[in-house]
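Below is one structure, written out as structure tokens; the observations come after it.
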Amino acid sequence: MWTVVRDLLRHNRGFAWGVFLLGFVLLIAALSFVSPYNPLDSYVVPPDMPPGWPHLLGTTSRGQDVFWMLSFAIRNTLAFGLLVALISRLLSLTIGLVAGYAGGWVDRVLMSINDTFIVIPLFPILVLFYFVMRDNMSWVALAGVVACLGWAYDARLIRSVAMSLRTREFTETSIFSGMSMSRILVEEHLPYVMPIVFSTTMNNINWSIGLEVTLSVLGFTDINTPTIGSMIYWANQHTAMVAGVWWWIAFPVALVIMTFIGLFLLAVSMNEFIDPRSRFGRGPT
Amino acid sequence: MKRVLKGLLFGALMLSIVGSVVAQELISNVPRKETLIVENPEGTIKNAGWFNIWAINAGGQSTGLHQLAMDTFWYIDPNKGIDGVWDNSLASEKPIYNKDFTEMTVKLRKGIYWSDGVEFSAADVLYTVQTHLDTKGLRWSAPIQINVASISAPDPYTAVFKLKKANSRFHALFTVRWNAMWMMPKHIFEKAGDPLKFAFNPPVSLGAYVLNSFDANGKWFIWQRREDWQRTTLARFGQPGPKYVAYVDAGPPDKRVIAQMNHQLDIIHDTSPEGMFTLAKQSRLSRAWFAGFPYAHPDPTLAAVIFNTQNELLKNRDVRWALALLIDIKAVSMAAYRGAATISAIGVPPTGTHAEYYHRPIEPWLKSFEIDTGKHKIKPYDSTVGKQIADSLRPSLGIQIPDKPEDIAKAFGMGWWKPDPQAATELLEKAGFKKVGSQWMTPDGKPFVMKITVEGEGRPVMTRAGSMVAQQWRQFGIEASTVVAQGTLLERRAAGDFDAIISWSVETWGGHPDLSFFLDSWHSQFVAEPGKPQPLRNWQRWAHPELDKIIEQVRGIGFDDPKGIELGREYVKLVAREMPSIPLMSYNVFTVMDETYWTGYPNAATAPYTDPVPNWGNTKYMMVKLRPRQ
Amino acid sequence: MTAVVQVSKLRAYYQTNQFGVQRDVRAVDDVSLQVQSNEIYGLAGESSCGKSTLIKTIAGAIRPPLAVQGGSVVFNFGGRELDLYASGPEAAAAIRWKHLSYVMQGSMGVLNPVRRVRHSFVDFAFRHIAKPMPQFMDIVTAHLARVHLGAEVLQAYPHELSGGMRQRVAIALATVCKPDLIIADEPTTALDVIVQKGVLGMIREVQRELKSSLILVTHDMAVHANLCDRLGVMYAGRLIEEGATRDIFSRPRHPYTAHLIASLPRIGHTATIKALDGAPPNLADPPAGCRFHPRCPLAMDVCKQQAPAFVEAAPGHRVACFAVNPVGVM
Amino acid sequence: MRAYAAYLLHRFGQFLLVVFIGMNIAFVVTHATPIDPVEQSIAAATAFGSTSPEAIAMMRQSLRELYGVQGGLWPQYASFWKRVLVLDFGPSLSAFPTPVSALIWRALPWTVGLLIVSTTITWVLGNLLGGLAGYLRDNRSLRVTGLVLMGFHPIPYYIVALLLLIVFGHLWPVLPITGGAQMNMARGWSPEFVLSVLQHSVLPVLSLVLVGLGGWFMGMRSLVSNIVSEDYVVYAELGGVARGRILRSYVMRNALVPQVTGLAMSLGGIFNGAIITEQVFGYPGIGALLISAVHAGDYSLVLGLTTVSIVAVSVAVLAIDMLYPLLDPRVKVA
């Protein structure tokens, strides 16, 4: 595993860049733990200061230090992405493996549902969910909903791998040796699909972060939790762009773009490593 | 290969050319110089082709429809008015009540015509009222059916309302403050069938303008001055300036600012303080109500922290007062308006004529006013807060900050409650709360949680105020946070679905001292069961015998009876003691007017003749003052 | 008799670069041979001895990681000479199919899966035959008859044809322009025996009619025996014996060749053939000296140090073995 | 032929399933909303004026009758399906009594236009460039294009739209940043109007295209770079078939097959993008309508919109699925 990472680092430019970008982003996120300010408090520093010293990235019109806000924001945003990825991985793994292994009508049923979730326009449904849950729509809840809508595409990939595994003789032997389906899936098949799971995770995190930002900016989330989205939301509330407080929007956008490209490069390079025939169909929402 | 790539580049080029080079006029077929472009805060009108304003929000109303095409008996101006606050519009004189207020007679002006040439007469009044009596679910059906026994027209220019019960404020229904019950054209509606299903497109106008064209997707409405504008009530003040008036959906605040910088939007309805400052700095010809800071027009609306007093914890006056004493109004004014707020300590907005009727006379009482924290008595009022705000802004903003006390009072308000955490602690402990570590606990030992409901993007300024109040409570050890109820705020406010909400339960005429406009609805007879929807405007769901007594006395006296002011002051003292909602400031609206094409907009210093906030029906008076820039 | 193709000192390696580790697989190592016009030249050897690579290289069908390291391939079509790797791709493209055609190993996948067979003929042959479309189609149909296929296959999609039919379509496609040289790589593997016979017979007919030369690669010595005029035997990327098929079968010089022939089943031959022990060498680092010595029954010390030269042991019969003639190359 | 029939049947079944599941989610969610359209209307109608409390009680009653929002869940569910089948969603509650369908048809053309134009551009351009990039591995300009496109690919629609808004609306204000066409211009096929519509669609389309291109580009590129090593391509080159012809009929032609499936699968995502883009650029499509409908607690409109969008997307997918066999003769029930 580590040798693989080392080799990738040494010989795959995309991977190296991805690691670099993400490393940077993570560093910023980590800094939030030593922040001198409480992210919920406003008017703790003079407002509207342009980037410079002591406020590296300037201050917001709410009297918050952009740099430290950013560190909290990116931390929460990443946490959100990870949570969504985690939950949706579980779903897509179970469904993908079972469908691929069981085949037959089980597969057909599962995949029909799967394709449904791929085709349905999710955004309207997400917005609706917000209005049902209103202020109970904490970002954890949101993560739950997003995850439940975002597993389908990867379940398909996993299924295709699982199908090929099914025909391998080691599967046959384990069946003959009387292993239960669940054990076969977990002990025999899981290791083979792990690589593809990793790479899809990156794309999934990207996708979910994209949703978080969009929803927050449109005011469809809890604005008390600082995230990249809610930062931009507050900036819009203060018409930061026209007021010339560009640093309030520019830096969050820049950082989130870094995150996207970083994760994305990882996904691409991992895919090249696993299987050169991989495709990326889905655009982020 | 190369060829293909070249082709692509070329395509991209064409795209940008389509975009840039063919830069067009803003509006086609209408000369910009003769057109006033106004923001309609309703945004995009879902149902653009619907002009039947008597059906409950079926279409838009501040699309120019109720500003330019509607009319009714009287207008009360939130500021000074063109000649006096009161204007007899379709009526030729003030309402005439019999002595026990069970009958109201209205004398109508002669020579007023609908835009299709039919004369306006008592017949239209009769038809309008009768239709509302006969039809359920029209906008004003309910109040008419509750109040009116019958209506008659002894002659074509007189209408007599027989009322079911005494009501000294019945004329308020026909007195425009933002809007009022508008007159229907009999000759159109009687042919139209069901008045609930009739679109009234194109609208026949009783105002000085008539519809020219509108966007099927509801983004813009263009009105045109009537050829026979002399035959409308506005004619008394001369010819309206703009030949065309366009009401448009100007998009989010930053787009509005951009649009005005490019002189594509003459009147911005409202923007963020920052947007206002940007325009003041960068757009030479942009004007606001105040020539300098704080710019904004104070609407006769009192923004407050409204408690749900049916909520167990908040039934106790001491708790409410404690929460009030934790607020530093200066910080709130900063957070919400960057200091551009007009604060008020009492339950009346510090606007229009109210300062001289209420704020100034009441101040001595406020200064001596005491509350008992259980341990000792304190005098919470600090008369210098307004001055403090002005002083704190002067270094950064310099000369545009007034220094004459009365100017400061006009711009920033007078005094407010001084923050007193000590007293708050004592009050809470008196109410049985306990502080455990850094966290306040309720009498039954749960953490003291306060959720402040705000409207979010809908009302940025109020959202910002809410977050600041939450922050101050949080810093004191109360688990406070804001909840965004975008779009659902009105409904949640009515349902009492909140601990505290940043909104307003006090709205007044502005120009007139009578408080019944909101006060009447505060009577305990209207307070809804917990969970049931509360009719406006007693959102705090607060009942008090003394209040009921005041209200009943107000009902008994005339609209202009000076005794009304006395009763008003009683009300003010009562809510100061009880603190059912914490008054913050007037709702300041950053209406920005661009003088590139038009001059003569209203302003505080030289022309306070009306409220510039363009979604007010009263803004029709602005049209006659506007003149093209020479 | 003129040489249609002249291969000299040809070297072609598979170069892989796995995470910085450079590996050369010397699939074709210093091979020289020539093919006369109107002859069938067979290439024999175990699988993965480099024969496929060799003819790929001759046909110029090289894709990375395969790369030519040295030597030359010179064609001579009707007096016009062409050095494949010296002259540019245009020149190479010009001779393709008109003079030089190619039947791929396992021809199953050589037809565009999403287009009808007809289009393949048009794409490949139309411009060479230079006749208006109707005549061209007649010619193609007639030619298909030669390989016992009806005109209807033209309208079919590849996946609608059986393996045998596809193979025959491929052969028809390769021969329709009457090229001077046809290179056939295992044309009959993956076909069942009956079909094999038919196809081979057919290839021969066609070749006889067209008077074109044919390089035929197969590991099946029997096929060589009854088809080829001359035969070259490869081992571990090198040509180790070459001569008239008759001579080689009657008197194989090289112990490896001998073994190959011996392993052919013969009627009335009951004694079981003792299998050759050991496996063909890893071409990434082949053994020093004669690459066959680890498995050779007659291996001598010299075999371990030096590689034997590839020289005439008899007229028109070349061998690389110290046991035959003790000449080495440094 | 029978294979084709079976295939079609299967796809159609899938189509029905998508619609069914989608509808149910929409129905359940909308009916779980705590928003009461009646209270919304009353609140909106009386927000400014002075209305006496008894009056409001009366108003509430009559609106309930008017809107007909009484009745249990099951009757509503039944009537919901009836309405779906005839595509009539009754009157909009936030624009009563105008029928929902009227509002939708007014907005739909804008969205559909936006989607068709942007998707076509994205898909064609992306595949073209991707194909070239995969075939001509070492073409500098293509490499650069690829990098740029891949840079945009992972960025969410909102951010890209925001960037465009700032650049062309604020820093270099040459393009309209709101609305669908110029104010007060007569609708129709007059050159001015068409031009104006084009001009207003530049930014929305651009944002959708920028985000979309990368996916197709990469997909096509990796497909092509695999296909060039397929036997039939190698063989065609040995056969001296013209390069252009090989690229078109052999490489691209085969790579398109999975890309078309990809298109069908990504339509949903693209639609989401359109909604957001419309919101950012105040484009008069159904995206903006949907959001305002949700704000207004207008069940019937929200339901109508969700239904229409789900059906529209699924129909588009079905159409693509039906064309698919023309592209790939080896059609089988997948």
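Letters A, B, C and D mark the chains in the order given here, with residues in each chain numbered from 1 onward.
The rule is simple: a residue touches a chain if its C-beta (ideal position, glycine included) is under 8 Å from a C-beta of that chain, and two chains touch if they have at least 3 such contacts.
Worth saying up front: this structure is predicted, and the values here are computed from it rather than measured.
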(message) With centres defined by CA atoms only, which chain is the most remote from chain D?
(response) C
(request) Name the chain with the Cα centroid closest to the overall protein Cα centroid. (result) D
(request) Indicate the whole-number Å distance between the mean C-alpha point of chain A and the mean C-alpha point of chain B. (result) 44
(request) Between chain C and chain D, tell me the centre distance in angstrom, where each centre is the average of that chain's C-alpha atoms. (result) 56
(message) Centroid of chain A to centroid of chain C, CA atoms only: how many Å?
(response) 54
(request) Using mean C-alpha positions as chain centres, tell me how far chain B is from chain C in Å, no decimals. (result) 92
(message) If a residue has to touch 2 or more other chains to count, which residues of chain C qualify?
(response) none
(message) I need the residues of chain A touching at least two other chains; which ones are they?
(response) 131, 134, 241-242
(message) Show the residues in chain B shared as contacts by 2 or more other chains, in ascending order.
(response) 254, 258, 486, 488
(request) Would you tell me which residues of chain C are touching chain D in their complex? (result) 59-61, 63, 92-97, 101-102, 104, 106, 108-115, 119, 123-124, 157, 159, 173
(request) In the complex, go through chain B and note every residue touching chain D. (result) 1, 4-5, 8, 15-16, 18-20, 22-30, 43-44, 46-47, 50, 55-59, 136-137, 139, 141-143, 145-146, 172-173, 177-180, 196-197, 212-213, 215-220, 222, 246, 248-251, 254-255, 258, 262, 486-488, 490-491, 493-495, 507, 517-518, 520-521, 525-526, 533, 535-536
(request) Spell out the part of chain D that touches chain B in their complex, as residue ranges. (result) 34-36, 39-60, 62-63, 65-66, 92, 94-98, 103, 106-107, 110, 125, 128-129, 132, 136, 139, 141-142, 145, 168-170, 173-175, 177-180, 182-185, 187, 192, 195-196, 198-199, 202-203, 206, 282, 284, 288-289, 292-297, 301
(request) Give every residue of chain B touching chain A within the complex, in rising order. (result) 252-254, 257-258, 261, 271-272, 274-275, 277-278, 331, 334-335, 338, 451, 456-457, 460, 463-464, 467-468, 471, 474-475, 481-486, 488
(message) Using the touch definition from the top, list the residues of chain D that touch chain A in their complex.
(response) 13-14, 17-18, 21-22, 25-26, 29-30, 32-35, 150-151, 153-159, 162-163, 166, 170, 211-212, 214-215, 218-219, 222-223, 225-226, 258, 262, 264-273, 275-276, 279, 290-291, 294, 297, 302, 305-306, 309-310, 313-314, 317
